[in-house]
Amino acid sequence: MATQTLLSDADLSSEARAVFDDIRKTRGSDFINNFWRALAHDPALLKATWERLKQVMGPGEIDPLTKEMIYIAVSVANACSYCTHSHTAAARAKGMTDAQYSELVAIIGMAHQTNGLVTTLQVPTDAEFQV
Amino acid sequence: MATQTLLSDADLSSEARAVFDDIRKTRGSDFINNFWRALAHDPALLKATWERLKQVMGPGEIDPLTKEMIYIAVSVANACSYCTHSHTAAARAKGMTDAQYSELVAIIGMAHQTNGLVTTLQVPTDAEFQV
Amino acid sequence: MATQTLLSDADLSSEARAVFDDIRKTRGSDFINNFWRALAHDPALLKATWERLKQVMGPGEIDPLTKEMIYIAVSVANACSYCTHSHTAAARAKGMTDAQYSELVAIIGMAHQTNGLVTTLQVPTDAEFQV
Amino acid sequence: MATQTLLSDADLSSEARAVFDDIRKTRGSDFINNFWRALAHDPALLKATWERLKQVMGPGEIDPLTKEMIYIAVSVANACSYCTHSHTAAARAKGMTDAQYSELVAIIGMAHQTNGLVTTLQVPTDAEFQV
Amino acid sequence: MATQTLLSDADLSSEARAVFDDIRKTRGSDFINNFWRALAHDPALLKATWERLKQVMGPGEIDPLTKEMIYIAVSVANACSYCTHSHTAAARAKGMTDAQYSELVAIIGMAHQTNGLVTTLQVPTDAEFQV
Amino acid sequence: MATQTLLSDADLSSEARAVFDDIRKTRGSDFINNFWRALAHDPALLKATWERLKQVMGPGEIDPLTKEMIYIAVSVANACSYCTHSHTAAARAKGMTDAQYSELVAIIGMAHQTNGLVTTLQVPTDAEFQV
């Protein structure tokens, strides 16, 4: 199911094509996943999203694999199945080991649990946590 | 506000006191934050939660700071204010730099955005992401 | 998959049939979507939901298309795939153009992003926003 | 409470000051709300967020008041209290009447209800809603 | 903070007053909590919400205390602090013991954890669970 | 789709096999649902989750069927389709009648609605609800 069609390469506007070219070049792969093909209906949104994602997920103070694990954590909590699939695949492609994945799964589960406990109990924030 | 009172050290059952002792010893600090004081009404839940948290967040394949950043990511997406405060404080205590925090903030924001875009467009998962 | 079966017209109680009749008359279409067929097991819930929906989404101070776009926004944030599909179809049926849809997608994405940023930073509400 | 301090005008880097200048000019108001003051620690994130928000919420195919109502809907479903406050204030500033607000409240409530019903019943998406 | 003012008894329209009268009569208490005072700006929404709540939470196949515990569970997962407070108070007023509350807290925490684990692992639904 | 493969009985480590044995013995059924087969990649997580679930959902102050209904409520609000399916099946297996299920569906829908209304209106918590 989908609420927006996916554009094939033949359907792209020139602005969208330029973004696809940059995705392929940046990733060193010809594969363009469905997210970009759905966004391609709106070249301005496609370009803004890709440019920002490239910057945020690119080299920086946090290593690329950690960035993907953080992305998975958000995607799970937002119940985004597609995003969980795509970023888990990305994390594996960036070297996530089975042992790291097991720990990631356990951390996400634990965080959900204590989030639920805290919200049930409506625990007031300690003054010590204030900046 | 709160839906459960916070127990002071003087109010603890012996089982709860033993857990508080282990929290203090493990963390090398006398400070016990409100989450544990609210949980202490149910020593079995207190003990199970602390034992599991200690194991999941302890030494392993993912470094301690990364674990805290993943925890923050889940807590934000679950809109748990207390948890966001406590794990941001924990991440800073474990050495998170201002530059790393800036990247973490940006990644969480970006993930929320693409989660929202994907769910709006109901993008079908690529076969390539299937294990 | 489903946790409740869908009732065909032949399976309906007389109370449920009366609601289906009103849905068909109100919408000017013979089509009854699956949501109502699952609710039809409980004619009281079916009737209460339909009556209220008809009133809330009917003529008023906010135009019908805007109402559908608001409905999509909620449904996406609640990760309700069915609801996102049904209300996107409804918005298109009520005249949503491709250009409006592109803007809607971008707004929902942007709102998710700033929601995520605000919650990560735990920004205190400005006194100016208080009624 | 907050997990990040708020920067006063005197604390701003020159890059952050330039963004604040543009916010003031665009809005025709000297008031800078706390969201931007928390983001200002990271001028690149501040600038990217403001530039994108200005574009997405600016003139287009959907009128400015409708955009704010969609923003409120997302913010409520994400349980972002700050965002709900700020965008409700913005909607009122853009002319939202009491009668429109009442309808908005009712629509958001209704959407949450049917989202909950659909997810409980796990209703399969009708083929008719597929693009 | 609030995005809508609370109406005192002196501010009520006659339609809203009639609803408040019924709330007081039904509950056998003069106390009207803030939720109804915020809704009272829109007597139609106030009346529809109260009438439906009275029916759904009234006598039926599920006992009143269980209904409140289910309500708490939803409210926690939706991160609604007000609702968690109000329905926890209601559950206690309906006889929830400390031991029952401890179990409720543990169940909600456990459910959040396994929800998080399942979503991280994207576990496919067993055919056995299909109706 | 899935982000983790499902282990057949032949693939299990001895630690995982011992957990499966206990699940089968406790439930009096040979059937092992996919959740456990996905978790089985990490025997420590499998064991910790099963042991805790068995304790939390076992005999206590809240009856087993009520526990399942609370679990469904959380799972729906977290948009966990798998969990909603599995715990609805469990509730039916524990004797949930059609009439009880109808009430459960209505309560969950109602709770979502008032959660949405409260969060839109940002209703301040009454002092009376404070413990």
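Order of writing sets the labels: A, B, C, D, E and F. Residues in every chain begin at 1.
By definition in this document, a contact is a pair of C-beta atoms (placed from the backbone, for glycine too) under 8 Å apart; a residue touches a chain by one contact, two chains touch by 3 or more.
No experiment lies behind these values; they were computed from the predicted model shown.
Participant: Compute the rotation angle for the C-alpha superposition of chain A onto chain C, expressed as a multiple of 5 degrees.
Facilitator: A turn of 120 degrees brings the C-alpha atoms of chain A onto chain C.
Participant: Quick check: more C-beta contact pairs in E-F or C-F?
Facilitator: Between E-F and C-F, the larger count of C-beta pairs in contact belongs to E-F.
Participant: Quick check: how many Å separate the C-alpha centres of chain B and chain F?
Facilitator: The computed centroid separation for chain B versus chain F comes out at 21 Å.
Participant: For chain B and chain E, what's the span in angstrom between their mean Cα positions?
Facilitator: Chain B and chain E have C-alpha centres separated by 27 Å.
Participant: Show the residues in chain E shared as contacts by 2 or more other chains, in ascending order.
Facilitator: 1-4, 45, 49, 52, 74, 76-81, 84-85, 88-89, 102, 104-106, 108-117, 119-122, 125, 129-130
Participant: Quick one: in the complex, what on chain F touches chain E?
Facilitator: 1-4, 6, 31, 33-35, 38-39, 45, 49, 52-53, 56-57, 60-62, 66-67, 69-71, 73-78, 80-83, 85-86, 88-89, 97, 99-100, 102-104, 106-108, 110-126, 128-130
Participant: Please give the residue numbers of chain A that touch chain E in the complex, ascending.
Facilitator: Within the complex, chain A contacts chain E at residues 72, 76-77, 79, 81, 84-85, 88, 104-105, 108-117, 119-122.
Participant: Report the residues of chain F in contact with chain B in the complex, numbered from low to high.
Facilitator: Listed in rising order, the residues are 1-5, 48, 52, 55, 125, 129-131.
Participant: Touching residues of chain E toward chain D in the complex: what are they?
Facilitator: Per the touch definition, chain E meets chain D at residues 1, 3-4, 41-42, 45, 49, 74, 78-80.
Participant: Which of the residues in chain E end up touching chain B in this complex?
Facilitator: 79, 81, 84-85, 88-89, 98, 101-102, 105-106, 109, 116
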